[in-house]
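As written, the chains take the letters A, B, C, D, E and F, and residue 1 is the first residue of each chain.
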Amino acid sequence: MDQERYERGWERLRQIHGEEGEQFIENVKSVAPDLARFIVEFGFGDVYSRPGLAVKTREIVTVAALTALGNAQPQLKVHIKAALNVGCSREEMVETMIQLAVYAGFPAALNGIELVKQVFDESGKKGGFRRSASSGS
Amino acid sequence: MDQERYERGWERLRQIHGEEGEQFIENVKSVAPDLARFIVEFGFGDVYSRPGLAVKTREIVTVAALTALGNAQPQLKVHIKAALNVGCSREEMVETMIQLAVYAGFPAALNGIELVKQVFDESGKKGGFRRSASSGS
Amino acid sequence: MDQERYERGWERLRQIHGEEGEQFIENVKSVAPDLARFIVEFGFGDVYSRPGLAVKTREIVTVAALTALGNAQPQLKVHIKAALNVGCSREEMVETMIQLAVYAGFPAALNGIELVKQVFDESGKKGGFRRSASSGS
Amino acid sequence: MDQERYERGWERLRQIHGEEGEQFIENVKSVAPDLARFIVEFGFGDVYSRPGLAVKTREIVTVAALTALGNAQPQLKVHIKAALNVGCSREEMVETMIQLAVYAGFPAALNGIELVKQVFDESGKKGGFRRSASSGS
Amino acid sequence: MDQERYERGWERLRQIHGEEGEQFIENVKSVAPDLARFIVEFGFGDVYSRPGLAVKTREIVTVAALTALGNAQPQLKVHIKAALNVGCSREEMVETMIQLAVYAGFPAALNGIELVKQVFDESGKKGGFRRSASSGS
Amino acid sequence: MDQERYERGWERLRQIHGEEGEQFIENVKSVAPDLARFIVEFGFGDVYSRPGLAVKTREIVTVAALTALGNAQPQLKVHIKAALNVGCSREEMVETMIQLAVYAGFPAALNGIELVKQVFDESGKKGGFRRSASSGS
């Protein structure tokens, strides 16, 4: 009955996470169909569809939160990919982790960097990574 | 001897946190002078002075991390103020907390909102707060 | 437009948290009206209105999570009250904290016990607290 | 000399965690014999043997805490199994995770659901999972 | 019947936390007598009475854990006092917090330093604080 | 230009973490060269090179913090090795985990013990582990 919220959320989910996101929802659905529905309706239909924060900023907020919490490495990797998908640069991902070293400690930041590296490697574009200005390049 | 890093950091600290930041450093200095120095040199001279992430984005990363960790309410309030100082809109602060409800849970987001409210109230500009589009304004 | 979810949630919220809950929502509304709406619609209309877990068990789940996270003392106190409102015994609250000493550490459990004590004291029924069997009473 | 506490604890451990629990204790004993002893004596002999909280509720408290903390996935899986062993329904486990989405965030809840799924799959009874009422079944 | 463990624990508690510790236990006892008993028997009778780690090192482990967890500021203050009571120097407390800046982030370390400062001030010996060598004294 | 801090840090890193540490830094460098530099300059050149806390105590502080945070198992293993390298006894590592059971909960302590066991096994000296006095040996 909440068809509109669901469809808006599904559209948003596809836009941010692509096919991988759809498969994830299918997987959750097989155990907890209502939890899968809440993710689409509430997470993507209500929250991710809001104005007030650019979708790029929204992904940065999420990446920062998951890195700080440190309890959801698979989801963090998915959101690093999503951040790149919606327009974050690779350098912004690296800088986000460097900033988090100050606030969540170096281990959290290093776990984040490892995932950033995996996402870069898997996208086969590792060579194109632009080193940050202050390291002399 | 690291005079240049210290001065660059001090300048940055003043720009982001103003007089309150200077007093904070003085307070830390009275117990742990080297920790105070590291905050200025490393936190502000090295990390906050980097290119690669707009200062506004850097504050959003910090606000998201502190909200998710939930272990540093006074610092979170200081960084909400700083985020507004460097150009975040009030709506972006509210939206950041709404986004975090999904990732760090509602209680963390509500503690964040309470601090956003305090910062708004203290700046005496509460009336000017723009309600988000979907709530009908 | 989601009037039905909102009303179902509001009813549920009143039932669990009483007048204090209503005032809390009003307070959130003054800064972040949509976050207040999500709490009522999603938190109470969707989640707290579900079958599958007795409302008493649902409150125990919440009390355990907030004690373990340790980042939301005011909300924990509110949920200890709510747990007692919906039928948990005082002994069950104390035992929950003792169980959590094993999993979240003694400090988290002791912070929880302190809040349990405050709720007991404020409800003016401290004298009636039944000591647990194994302590010899 | 604390033979009675140890034996009461061992009995309790076997009842809740079965053979897997005994092997776990043997493994801990090979590195830290006193820590293994404390788990049996204190964790199971003292805490799990207490009246005041039904053993089923005690497992729900533990599952909620471990899901919220997010720092002990192997133990969480063991306690989801234990919760089912002592009488929790599969739906109660799913609902517990849905409730925790509100308080510990969706990623913690999703990690919990993944472990619930694994336990269901391994017990070879996946087909029997009763979908919750509100999803239309 | 576990009289010996209780007495050994009580003696240890008095030695580490003094009168303040005794009052704390009395306070817990009024709500959860068995939790108070477990703290004395298990925390102090079993764990704090063990050989293998100097009592001074044991307090440093505890201070580091509570600073990193950030969920128990009152207990952290009590253990900073206890660390000084059992022979830690003031400089070691300050250095512990500086070390933790790297691993738990600066905010956790700064909250720790604030409590170290409070303990120093309350002990009326602030003037005697020895600045660390690398800050030029 | 901060050549001296970098060299001091690199020397310290080699001393504490050996060849494994050098490889780790190389790995970080390939994605985030400045983060790698900050670890050497700030983590090892500034913090680990300080007087005021014996290097052995510094490692115990780190092991305690990482066990309590529970968000960095690979780094925790590296620091357990480092603690043994700089003079901690095996018994002190085990006792540290037993102490942490009280403050961070048993699951965090058990995850720590598992890593201690792995480090012991890999160093091929498992047989030499001295059981603690109170377990009757």
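In the analysis below, a residue touches a chain if its C-beta (ideal position, glycine included) is under 8 Å from a C-beta of that chain, and two chains touch if they have at least 3 such contacts.
The shown structure was predicted, so the numbers you read here are calculated from the model rather than taken from an experiment.
Novice: Starting at subunit A, figure out the least number of steps needed to reach subunit F through touching chains.
Specialist: So the least number of steps between the two chains is 1.
Novice: Going only through chains that touch each other, what is the minimum step count from subunit A to subunit D?
Specialist: 1
Novice: Can you list every chain in contact with both subunit D and subunit E?
Specialist: Joint contacts, listed by label: A, B, C, F.
Novice: Of the pairs given as B-F, A-D or D-E, which one copies A-F, with over half of its contacts the same by residue number?
Specialist: Repeated interface of A-F: A-D.
Novice: Overlay subunit B and subunit C by their C-alpha atoms and let me know the rotation angle in degrees, rounded to the nearest 5.
Specialist: Value: 120 degrees, nearest 5.
Novice: CA centre of subunit C versus CA centre of subunit F: separation in Å?
Specialist: One centre to the other, that is 39 Å.
Novice: Using CA atom averages as chain centres, what separation in Å is found between subunit A and subunit B?
Specialist: Here the centre of subunit B sits 22 Å away from the centre of subunit A.
Novice: Would you mind pulling out the distance in Å between where the CA atoms of subunit B average out and where those of subunit E do?
Specialist: 30
Novice: Among all residues of subunit C, which ones touch two or more of the remaining chains?
Specialist: Each of 34, 38, 42-43, 47, 50, 66, 69-71, 94, 98, 101-108, 132, 134 in subunit C touches at least two other chains.
Novice: With chains as vertices joined when they touch, what's the shape: line, ring, star, complete or other?
Specialist: complete
Novice: In the complex formed with subunit D, which residues of subunit C make contact?
Specialist: That would be residues 42-43, 47, 50-53, 57-58, 60-62, 64-69, 91-92, 94-96, 98-104, 132-134 of subunit C.
Novice: Spell out the part of subunit A that touches subunit F in their complex, as residue ranges.
Specialist: Per the touch definition, subunit A meets subunit F at residues 69-71, 94, 97-98, 101, 105-111, 113, 116-117, 120, 129, 131-132, 134-135.
Novice: Applying the document's contact rule, which stretches of subunit D touch subunit F when the two form their complex?
Specialist: Going by the criterion above, the answer is residues 27-28, 30-35, 37-39, 43, 66, 69-72, 75.
Novice: For subunit D, which residues count as touching subunit B in their complex?
Specialist: Counting only subunit D, the residues touching subunit B are 102-108.
Novice: Considering the complex alone, what residue numbers of subunit A touch subunit C?
Specialist: 2, 5, 34, 38, 42, 46-47, 50
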